[in-house]
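What follows is a pair of complexes built around subunit A, which joins subunit B in one and subunit C in the other.
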Partner chain A sequence: MRLEKGVISSSQLMFLVTGLIQGSALTVAFITKIAKQDIWLVVLSGLVISLFLALIYISLAQKFPSKNLIQINDIIYGPYVGKLISALYLYFFLLIIPANLRFIGDFSLTYLMPETPMSVILIMFMFICAWAVRKGIEVIARTSIILVVITIIISLFTFVLLLKDMQLTNFLPILELSLKDYIQSTHIMMAIPFGEVLVFFMVIPYVNNIKQAKSSVLLGLIIGGLTILSVTVKFIAVLGITSTIMTSPYFEAVRLIDIAGIITRLEILVAIGLLITVFLKVSIFYYATVLGIAQLLNLRSYLPLVLPIGIICISLSFFLYASPVEEVESAVSIWPIWSIPFELLFPLSSLLIAKIRRLPKKQGG
Partner chain B sequence: MKNPIRLILIILVCLFCVLGTTSCWNRRELNDFAIVMGVGLDKPQQSTEDIQVTVQIAKPGGRKSANKEEGGGGSSKGYYNATTSGDTLFDTLRGFTHHVGRKLYYPHNEVIIFGREIAKEGVQPYIDFFARDHESRLSVWVFVAKDKASEIFDETPRLEKMPAQEIAKLVKAQSATSQTSTVRLVDFLTRLMSKTTSPIAPMIELSGEGNEKNIFVSGTAVFKKDKLVGQLDKIETRGLLWVIDKIKSGIIDVNSPSGHGKVSLEIIRAKSKITPEIIADKIHIKIEIKEEGNIGSQTSLENLALPPSIAALEKEKAAVIESEVMAALKKARKLNTDIFGFGDALHQKFPKEWKDLENSWDEIFPDLDVELIIEAKLSRTGRISSPAVPEQE
Partner chain C sequence: MIFLLILVFIVIGLIEVPVLIRNKHWRELIAFSFFLLVAFIMTLLQTLGVKLPSPLNSINYLIKDILHLNYG
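Presenting the complex of A and B:
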């Protein structure tokens, strides 16, 4: 019995991974206060470390072809402990959705529509995501190609237009931050955008060519990482030290584009890029959550779960944080720690146990 | 039977989405806007309140008749100025609705002018609003008024429709002389956030009597932290711009090599670099300026298109640049304000040593050892090589 009948190609997988990473492009603002002008180094080292992390995930996924995270947990830890770990994972996925919704909501309220109630924005946003999830992974994968290409074009376009405002001295002095701050910010960078690749445990079984999945995930990770890198380079070079006090430095940097008084006020491009990539990110996590719950409860279809989970996520996004300030605080000091078991410990121990117990016993289970 | 219900549901859902995207929640029609072109901040003269704000509001209806020379009084102007006072900036700006009748709209604001008094007291409490408010932009030009900011907006615009536009144009035109600093809000904020570099802003003042009052930019206001402490004149301003690599164009007058008359040299391109060095615990700042220019005009009769004359002119030019930079340096030392960003340059190159210097920078800066290396080149003589005089033997 398969819950998902769709099949995606490995290049679509790459675009999905890229979109997932790009969806966090504006959350690098969380660490500008800690990392200051060295933020690009932090992004790079976070990317490099998470490539190794992704290798662990992929080798685990390739050991159990056409099995998703829930099934792998069942095989490795047995039906009871495995179900418990799976439930924890689903909770982890579920919490990421409201956090991103809240980010979108706060962004729109700060910059675009300050007087519109957040619920209106979030309900409409979640509605689109729910629609995509109901249509299955194939549809999300196909939209991802268009959306990611648009985001990359926006990123390159703003980069070229900002070239004349860039001052390379803003990057100096290099590596001024202390070792503690460096490790902390790299960890945040690893946990929030890059470590979330974990969610592809739920998607990889539907890739038609599992052998190529490795290179597509790594490539997607690199392209997404480079987009984030270009974002940080842009705002540090343009704004310098001022970027540390901005709630959304990338947006502010793009606001400064002024080519002969004609090409100005392009910041809406950034907002569009943010909306479409966060749509992808939320859809992927949303899909993983409902699929996982259906799998866990042995349902025949995940469709009945889509709307209830959506409603829970919208409500959670209001209760989770009292204010954007709290959101930043939690992203900086709580979330990275909370994600360690999910992003590092469980995959590692799964891999070890699989080695020791010589799993999977039969090829393909 | 199932299909019609499904269709109606889909249509309803689509309508819901379409209605949402019109963003009617924040609906503001164009004729409800009061488009702000400039904001001026002053100290109120009598009242006990903290701040007096003058805003210049575009009046689209009045702009058409602005060209006609009719004595229609205030109604023929394309703008009007409103003034009110209050305790905080945001509160005061919102208070304009008591007598303007429309909510002010800031995204088209072009200039922020600080009155002299308020600049002396410190601009920190007021700059925050402009950085925080979502309608305000970081690319708005910052000025300091020689006297009161409200007076600047009373100027009679000559080429533009509104004084605020004219002020913004002045900034863009400055590259022809490079004798005025151009400071966007983001540049001001960057300097304000630096531990050592002092913020600067162009100084603007009013000349003329009676109805015909005109603005002109007369130098650079120098801040220490957020407080106005002094002013650079035109020469010193260009000296500052040489160092911070902001020279675009300009004219340098030098004496003719023969001693009679003057030669005007045009700056075509200039580049500068600040290199701090620490030699035996002593800080040494090296400023390299590379300039390239043409001969623009000469009042003397001699032929300058000869290698010795060119060399002499280049030397003269380098001397003028050096004197301008030294003038700026002298003023900066007198005011004890690091307008050049030497502190930041040192920080960027010597992060470790900087930690000890940081707190005593005010004592170190006036006695800094500064070395100037100026390379001035003359490349072309223009359309004629020698002046239009009969050939001399």
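Presenting the complex of A and C:
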């Protein structure tokens, strides 16, 4: 019994992965305080490590074609332990949605619409996401192409316009990071934007050509990583060490664009890019959560769960963090550790157990 | 405010429930009602101004106070 009838192509998968990574482009601000001007180095090393993580995920997904994470857990760990691990995974996915919603809400309250209540913004945002999820993965995949291309164009455009404000001396002193800070910031980088590729366990089964899934996920990761790299290079080159005291350094850097007093106030482009990529990210996680719950409870359709889960996410986003400061604190010191079992230990042990038990067993053999 | 909230939940129920009953999807109906009830209780408590505990508190407690694994 397939819950999802849609099929996506491997190039659409690539755009989805890119969109997911780009959705975290502004959360790099979490590690500016730790990594300072060496942040681009941290982004690169996080990207390289996460390529290996993605290889683990893909080889696991290719071992069990047309099975999603919940079914894989059921096969590998047996029905009871598998269900427990799946439930933990769903909790993990579920908490990422309100965190991103809260990020959007705080961002628009700070920079765009200070007088509007956060609930209005979040409800409108979540309504669109719920709509997309109800239409299925095919629709999300098709929108992803347009949205990702827009984001890449915005990124290149602001890069070109900021060239005259960039000072390469802002990157000095280079490699001044202590080992502990370096490890911590790489870990945060790995856990928050890149490790979230994990969610594609729920999407890869619906790719029409599973053989090409590997190259498209890796390519998507690299393109998304390069976008994040360009973001960090931009704000470090323009703002230098000042960026460590700002909540959203990329936004502040783009604010400085001023071409002859005519082309100004381009920071709204950054906000648009943020909104559309976070829409993609939230939709993918939302879809994975809803589909996972439907799979776990053996339902025939995931559609009835979309609205209740959406309301729960909006409600959670209000009391998840008391303040943006707490959000950064949690993202920096707690969340990376909390994500280790999900992003590293469970997939690795699943792969090992599948090897030892010689899974998947041949039908009728 | 509370009236508006109840209205929204009734509308959501009217959208979803008739289709489920027509197709005799009882299992789906139970799951839908459970999650909708959870959502209703959470939003109702928030509208009434009750401060709910964050689900991150338990994660913080587990990692910070039991395992001592957090970054300093």
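In the analysis below, the second predicted complex is superposed on the first by the 362 of 365 C-alpha atoms of A that agree within 3 Å, B and C clash if a C-alpha of one lies under 4 Å from a C-alpha of the other, contacts with A are read in each partner's own complex, and residues count from 1 in each chain.
Convention: a contact is a pair of C-beta atoms (placed from the backbone, for glycine too) under 8 Å apart; a residue touches a chain by one contact, two chains touch by 3 or more.
Source: prediction; values computed, not measured.
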| item | value |
| --- | --- |
| First (subunit B), second (subunit C), both or neither touched by A:Q184 | second |
| Partner chain(s) touched by A:I241 [first = subunit B, second = subunit C, both, neither] | first |
| Which of subunit B and subunit C A:S59 touches, first, second, both or neither | neither |
| Touching partner for A:L305 - first (subunit B), second (subunit C), both, neither | second |
| Touching partner for A:F319 - first (subunit B), second (subunit C), both, neither | second |
| Touched partner set for A:N208, first subunit B, second subunit C, both or neither | neither |
| Subunit C residues within the subunit A interface of the complex | 12, 15-16, 20, 25, 27-29, 31-32, 35-36, 38-39, 42-43, 46, 51-56, 59-60, 63-64, 67, 69-72 |
| Complex contact set, residues of subunit B against subunit A | 13, 17, 20-21, 23, 25-26, 107, 131, 134, 137-139, 184, 186, 189-190, 193-194, 345, 347-351, 354 |
| Residues of subunit A that touch subunit B when the two form their complex | 110-111, 113-117, 120, 124, 127, 169, 172-173, 176, 239-242, 244-245, 252, 255-256, 258, 265 |
| Subunit C partner contacts - residues on subunit A that touch it in the complex | 95, 184, 293-294, 297-301, 303-305, 307-309, 311-312, 315-316, 318-322, 330, 332-334, 336-338 |
